[in-house]
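Structures are listed in the sections that come next.
In what follows, chain A forms one complex with chain B and a second complex with chain C.
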Partner chain A sequence: MTVRELQQSCGFEAVCLPDPDREISGCYCGDLLSWVMGRAKSDQAWITIMTNINTVAVATLCDVSVVVLSENVAFEDDVRNTAEAKGVNVLRTPLPTYEAAKKLSELI
Partner chain B sequence: MRLAVFFIREASAETENSMSESVKFHFDVNGQSFTSAGQASVQVKKNLRELGISPEVIRRVSIAMYEGEINMVIHAHGGEADVEVFEDKIVIVLNDHGPGIKDVELAMKEGYSTAPDNIRSLGFGAGMGLPNMKRYTDDMKIETQLGVGTKITMTVNF
Partner chain C sequence: MKELSLNILDIAKNSVKAGAKLCKIEIIEDEETLTLRISDDGCGMTEEFLKNVTDPFCTTRTTRAVGLGIPLLKLEAEQTGGSFKIESRHESKYPDSHGTVTQATFYKNHIDMTPLGDVISSVVTLIQGDPQMDFEFVHTLSGREIRLDTRELREVLGDEVPLDLPDVLVWIRGNLEEQYRDASL
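And then the complex of A and B:
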């Protein structure tokens, strides 16, 4: 499933989708960036409530296919611009992390 | 509060094909101000990709380096990062003039951190930095002196 397909079938908000055709191979949930960085695998969807600029750096370094922001957390414009520039896909949902992960798991 | 991460002044690359067959990258990591996080690591990732290094090696190098940079910003007001690509390995040297590490063994323990609370609210300070750096590299050497600074040398073999 691609990021675009995930966004459409779950009705997640597209915060920025610079690379919508990326495949999603799995999912990782976590908010401690160092923890996530050590464990998230490339091409996974990463569900988090962390929205500072470091989120974008971690997503880039781990090469996740999409960052899914749960709980409708606020995402600032400058962070979105950085994500766009770095080619990091970002989606957002009002669902809590567990519910978002459940939904994802039904699809992939 | 937004704590800044780092500001990279300029990346320079220098190829020494005739001498040692290595490629070097140098970065200044400034912990005081900040425009975009992880730029040095992201830049290294890009450079290594252009050199045709395998994705797994690139991932290990860039994650280890990013953790190191975060440490330099949190604890040492920045520093310098040097990456050297050899035929069979990549060597990353991180140098700072911060307070030094009081107890290296303790600092290497997962979950041990001396980072202030505001760092935790940004998703760091979980005591994973040094352990992650060790996990992602084949060799890691820490040279530290209280009040003088810390030098970390990490090697990733191909």
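And then the complex of A and C:
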């Protein structure tokens, strides 16, 4: 499943999708950035509530295919611009992390 | 990071990389706050680099385009309502007084406070990793002080005894453990 397909089938909000055709191979959930850094894998979707610039850096570092923001957390414009520039896909949903992960797991 | 002691390791490694001869690690605690200050006499940063140093996409690393040590420390401090600052003098402009001071203040009672963790292991690991470099460690706990200075160890041991000898490292660990035990009495 691609990031675009996930966005459409789950009705997640597209915060920015510079690379919508990336495949999603799995999922990782976590908010402690230094912890996620060593654990999220390439091509996974990463579900988190962390929305600062470091989130984009960790997404780049781990090469995740998309960051899914749960609980409708606010995402600042300048952070979104950086995500766009670095080619990091970002989606958003009002669902809590567990519910979002459950929805995702039904699809992949 | 999960523990501040890991941040200490991470930031002090920047001092090693900057070619510092001395790296001073201070933890200053009172009832409400914990301040972590790491100062070195390394090459320092240019003003240009310093401006961007809290941006994770700015890094001295050559293996990847992202550096998170300083950005994460800043985030952790700010998450508790605390503050972060970094000051640096680059050797090109300050040939006799270059170096960097990184300081983060945390509010200890905030629910998102990162626990301090195993500081002793961080200090021992740093000495073991770069035994030729000097480290001064001071932890002030409401007036009481725990300290270790490798320059003083060298004075006693003589220059021919490397600080990464297992016996020396075991002694350093034991000494710090004893100081912490005494301080908590």
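Here is the rule we use: the second predicted complex is superposed on the first by the 108 of 108 C-alpha atoms of A that agree within 3 Å, B and C clash if a C-alpha of one lies under 4 Å from a C-alpha of the other, contacts with A are read in each partner's own complex, and residues count from 1 in each chain.
Assume a contact is a pair of C-beta atoms (placed from the backbone, for glycine too) under 8 Å apart; a residue touches a chain by one contact, two chains touch by 3 or more.
Note that this is a predicted model, so its numbers are computed, not measured.
A.B. asks: Check chain A with both chain B and chain C modelled on it and let me know: fit or clash.
C.D. replies: Aligned through their shared chain, the two binders clash on chain A.
A.B. asks: Of the two partner chains, chain B (first) and chain C (second), which one does A:L6 touch, if any: first, second, both, or neither?
C.D. replies: A:L6 contacts neither chain B nor chain C.
A.B. asks: By the touch definition at the top of the document, which applies to A:T60: first (chain B), second (chain C), both, or neither?
C.D. replies: A:T60 sits against chain B and chain C alike.
A.B. asks: Of chain B and chain C, which one touches more of chain A's residues?
C.D. replies: The partner with more contacted residues on chain A is B.
A.B. asks: Go through the superposed model and pick first if A:L104 touches only chain B, second if only chain C, both, or neither.
C.D. replies: neither
A.B. asks: Looking at A:S42 after the superposition, I want to know if it touches chain B, chain C, both of them or none. Which is it: first, second, both, neither?
C.D. replies: A:S42 sits against chain B, while chain C stays out of touch.
A.B. asks: After overlaying the two complexes on chain A, where does the chain B footprint on chain A coincide with the chain C footprint?
C.D. replies: Dual-contact residues (chain A): 32-35, 37, 52-54, 56-58, 60-61, 82, 86.
A.B. asks: For the complex, give me every residue of chain A touching chain C.
C.D. replies: Against chain C, chain A makes touches at 32-35, 37, 52-54, 56-58, 60-61, 82, 86.
A.B. asks: Once bound in the complex, which stretches of chain B touch chain A?
C.D. replies: 2, 5, 36-38, 41-42, 45, 55, 59, 62-63, 66-67, 70, 122-124, 126, 128-129, 131-132, 135-136
A.B. asks: Mind pulling up the chain A residues that touch chain B in the complex?
C.D. replies: Residues 31-35, 37-38, 42, 50, 52-58, 60-63, 82, 86 of chain A touch chain B in their complex.
A.B. asks: For chain C, which residues count as touching chain A in their complex?
C.D. replies: Interface residues on the chain C side: 1-2, 6, 55-57, 64-66, 68, 71-72, 75.
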